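Presented sequentially are two complexes of subunit A, the first with subunit B as partner and the second with subunit C.
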Partner chain A sequence: MWKSVIYKEWLKIRWVAIIFGGLGILAVGNIFLKVQHDLVFNEATNYWYFILFQGYQFFGYGLFKFIPVLGALAVAVAQYFPETVNKRIKLTFHLPLNENKVLLMMMLFGTICLLAIDVIMFLLFTSLSLLFFPSEIIIATLVSTAPWFLCGFVVYFLVALIVLEPVWKYRFMYIIVAGAFVPIYLESAETGGYAPALPLLILFTVVLSISLLFSGYRFRKGEM
Partner chain B sequence: MNAIECRNLTHYYGKKLVYENLNINVREGSILGLLGKNGAGKTTTINILNGFLQPRSGECLIYGENTQHLSPENKARIGFLIEGHIQYSFMNIHQIEKFYSGFYPKWNNEPYWELMSKLKVTPKQKISSMSCGQRSQVALGLILAQDPDLLILDDFSMGLDPGYRRLFIDYLREYAKSKNKTIFTTSHIIQDMERLIDDVLIMDYNRVLAQRNVNDFMREFKQFYFELENPEINLSNEDFVANFEKVHNKVELYTYETEDFVKNFLSKNSIVHFNFQKVEMGLEDAFIGLTGKY
Partner chain C sequence: MVKISRYILVVIAIVGFSIGIPKLYWMAFSKPIRVPFVMYSCIENDFMIQRSGEDGLMRQDTRGNNYTREEYEEKLPFLYVRQLLMSNTMPDSINGVEMDTHEISMNRSTFRVQPEDLDSQTQKLFPLFEAESGRANLEMPEDYFRISWRMEFVDAKSNKILEEKSQMFSAVLYNRGFEFPAKSINGIPTTRKSCDEGYLVVDSKDQLFHIKMIEGEPFVEKVKLPGGMKFKYISCVDFRNKNFYAYLFSTNNELYILTQDEYELIKFPVENIDPAKNQIRIYSDLFHYNIIVSGDDFVKVYALDTNYQNVNDYYETWPAREDRSEGKIIQALFPGQISMTDSDSNFIRFYTTFNSSLYWLVLSGLLIGVQFVIIKKRNLELKKNIIDFIIIGVSGIFGFLAVNIFPNKFFD
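This part shows the complex of A and B:
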């Protein structure tokens, strides 16, 4: 039965997930093309000076920063919006499975897909970083980019919560909560500066992961 | 034994009463049609039966289990058709069959593919690009393949042309009767129900007007037409009158009483009338007769 649930979820998100993964790989590749370009055209000494003393972040340009968020947003909409069209979620809740477990399974599948894409980007990013930078810079860089990837999961969980929510007043409330929390993950900080906040951000992300159960519960009770 | 039992069901939307202390029983192996005007509570009842709405009070049981907490095993015994034949429209007919087959131990894809072979759709055509009639056949085929013991059908005739409606009904009745299935259904098109149902439940705003075998109902519920000499006479408050429709002096009187009873009543009360006749009714006429035209 769970294989069938996964099959349905995959049919919904496959193209979005593939495009997201492709764009993620292109964005990572683009970063290191730029690194290569800057090293050649700005000379290595200048480039290292900028990194070590001017706080230059070779990874810090818009496209890469927002790709996990935009990808997660697209995956969440592709996965949950079709369930709300004509209240099709009724079909899902009518399957011979526990309703909460189905929702959690859907959420888990989406999360694993995002995680898989993020891991591919992470491995590619780390491997290419090793060609240019020492481990100290790479670790600090990963700490700096971690909130952006976490933000992808936060956006995914919040969009699931908002899209599945049957009551408009709660939807607006969740949108306000999302508007308050999401920017925290995307604040600019010096390389490695996010390290103290990371455990709390991770905790909040994990707690948020089960939030779509509230929307599912309200739908099943017939709240409008 | 009853497949469905609703006891003292009461529901409100805000302060608006939908119904109070509604009791419904659906025998195993029977086909019950729930009829009512728009807003009478048909979809509310379907939603309560499927656990998508918590009633203000009372409860519905399906195979002895409260519908607010149906177990997966019980849900596997229930086939559910959503109003408008809603299905996962991002799938094609192969994908949706593959998807559902994973859930039901008794899955038999033969009736599904038999119905699909009658549709002029390409194997990779998404359900979203099919006509309403084609979608209805997909939804019906999936329910037949699931082989449920109880089918809950919410307005199965919505959007279907007469041919597809007839195909749907004939398939469904044959299937239900040959396999002793129970059906609980609503439909806006009442002529369709006549071919399908064994029992009828007619709801009006806040109350049940009739709940009985459809043949008994059609035999006992009658319409009489006559013309009054005095058009001011109004019989709507008489106990035996279920509904009294009058245009000028032309009367349609609906009642469970016999022709003799009505004639005697008119003569005993010196109500002068002409052209008295019993009017043959179909289920739709009887429904309108019972619930009124407005």
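This part shows the complex of A and C:
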């Protein structure tokens, strides 16, 4: 039964996840193509200087900041929107499985897919960075990009919450909450500047993972 | 579990609103605080104050005499030297000293440090310039150094460690008593300076070293420090008169300079100089040092002579943002606020401020009453909403919005 539930989730998101993964890899590749190009046209020492002392953020190239967010948004919509069409999720709730467990399983599956794609992007980014930069630059860069990836998960959890919410009035209010909360992951800062905020941002992201239960509960109880 | 998910969402909403709503408030109602510009006049032997107001700029001295723009500029000849030379109003001599443009220029300097310079990502990689290359201009080296368990040079092109150079510098540092790793490395990492004086480096035992490279060889000088002296910030300078290497701010809020070649630490007779909290500006000229310390609600200016003795000082306060009408209103509306950024830091943090006044409790009480009515209207049990009342009581309007956006009505 669980295998079937997971397979259903995979069917819903597979193309979106594959496209997101592909775009993510391309975005990382694009960044390092630019780095390589810049190193051909500038002395390496000057390029390091721009990064270390003039605030140049090579990792900000090509809207990389928004790729995890947009990918997560697309996966969440692909996974949860079909469930709201004709209230199909009620079919899932009729399965001989614990309703909360089913919802958490759906969320866990989506999260693992996002995590897998993010890990691939993160590893690719880190290993390509190692070719060009010293550890000081890489660590600061990873600290700066970490909130963007965390933001992807937050958007995924909140979009799931919003899509599954049965009442439009509340959907609108959840969007306002998301609009106030999500930007804290996307502030402009110097490279490595997010370090003090990261522990709380990670905590918020982790605890938000069960937020879907709330609108799932309202859906089950027939809130209109 | 569902209940927990609701409270998580309520907390998330409270965090979001505590950031977003006060931000909107300040965007709509904040007004600029006009900080006076105060400088010591070597002509009047008094402080000259320039204030900007709604009627434009006002220039006066501490006795309340008003000056025109031209008169004001003449009282501060070293600040407006170009203007005075242009309008032929530069005096031939001041205090018996003949005015020579070269001398004026040699002794003029400006310096500024502000809290965000200290609360910032610590730089760990620096370029070590060749201090005596025989070239007119400084050249950017091909490598950068770090001082971790040793002094290590990394070639930028290959991203590889230069073993020979690293060993040479590390050995000299070790022999001079340097305790690895470095706590702070302070210098001017740019080719746009008159010459290179390397770096002032604090080691793990708070010893101070001067490190530079002369003809490819390491130059390391240990600076004698009074026992227990620690620095919170060192800023190297490149002033024309080459009197000193750096301004040094100690952890007990004192200000020192480190003289060139003699490595003598000289303490400025100024108190409570804390660049972690206040902006510090230092202007020097032929006769005086002006040390301007400015905070959210005050400015203190010390005038020192060129022997670093206090000549005069000036202090002025004004209401801080929280004490002005717009600050008082926000204190009545919200229990506090969160901001992810702060003008005194380059870091992103959850900067949380709680209101010192408790007027917001009135609004919280009112909102608890409104919530009570809402619960009664929905025929819900009061007992099961006690946590919501507590949330509203503690977080005011943010909590009220949050508990109503994520309603509790299913849980009874």
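As a working rule, the second predicted complex is superposed on the first by the 223 of 224 C-alpha atoms of A that agree within 3 Å, B and C clash if a C-alpha of one lies under 4 Å from a C-alpha of the other, contacts with A are read in each partner's own complex, and residues count from 1 in each chain.
Methods note: a contact is a pair of C-beta atoms (placed from the backbone, for glycine too) under 8 Å apart; a residue touches a chain by one contact, two chains touch by 3 or more.
A quick note: this is a predicted structure, and the numbers were derived from the prediction, not measured.
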{"item": "Overlay on subunit A: subunit C relative to subunit B, clash or fit", "value": "fit"}
{"item": "First (subunit B), second (subunit C), both or neither touched by A:Tyr217", "value": "second"}
{"item": "First, second, both or neither for A:Ser4, with subunit B first and subunit C second", "value": "first"}
{"item": "Angle, in degrees and to the nearest 10, that opens at subunit A between the C-alpha centres of subunit B and subunit C", "value": "140"}
{"item": "First (subunit B), second (subunit C), both or neither touched by A:Ile120", "value": "neither"}
{"item": "Partner chain(s) touched by A:Thr45 [first = subunit B, second = subunit C, both, neither]", "value": "second"}
{"item": "Touching partner for A:Leu161 - first (subunit B), second (subunit C), both, neither", "value": "second"}
{"item": "Most subunit A residues touched (candidates subunit B, subunit C)", "value": "C"}
{"item": "Overlay on chain A, subunit C to subunit B nearest C-alpha distance, Å", "value": "10"}
{"item": "Those residues of subunit A which subunit B touches in one complex and subunit C touches in the other", "value": "221"}
{"item": "Contacting residues of subunit B [partner subunit A, same complex]", "value": "47, 50-54, 72-73, 75-76, 78, 80, 82, 84, 86-91, 95, 98-104"}
{"item": "In the complex with subunit B, residue positions of subunit A that touch it", "value": "1, 3-4, 7-8, 11-12, 82, 85-88, 90-91, 93-98, 219-222"}
{"item": "Of all residues in subunit A, those that touch subunit C in their complex", "value": "43-49, 52-53, 100, 131-134, 136-137, 140, 161, 170, 173-174, 176-181, 184, 187, 189-197, 200, 204, 207-208, 210-214, 216-218, 221, 223"}
{"item": "Subunit A-facing residues of subunit C, complex", "value": "1-2, 4-6, 8-9, 11-13, 15-17, 19-21, 120-121, 123-125, 127, 140-144, 146, 154, 156-157, 159, 189-190, 340-341, 346-350, 402, 405-407, 410"}
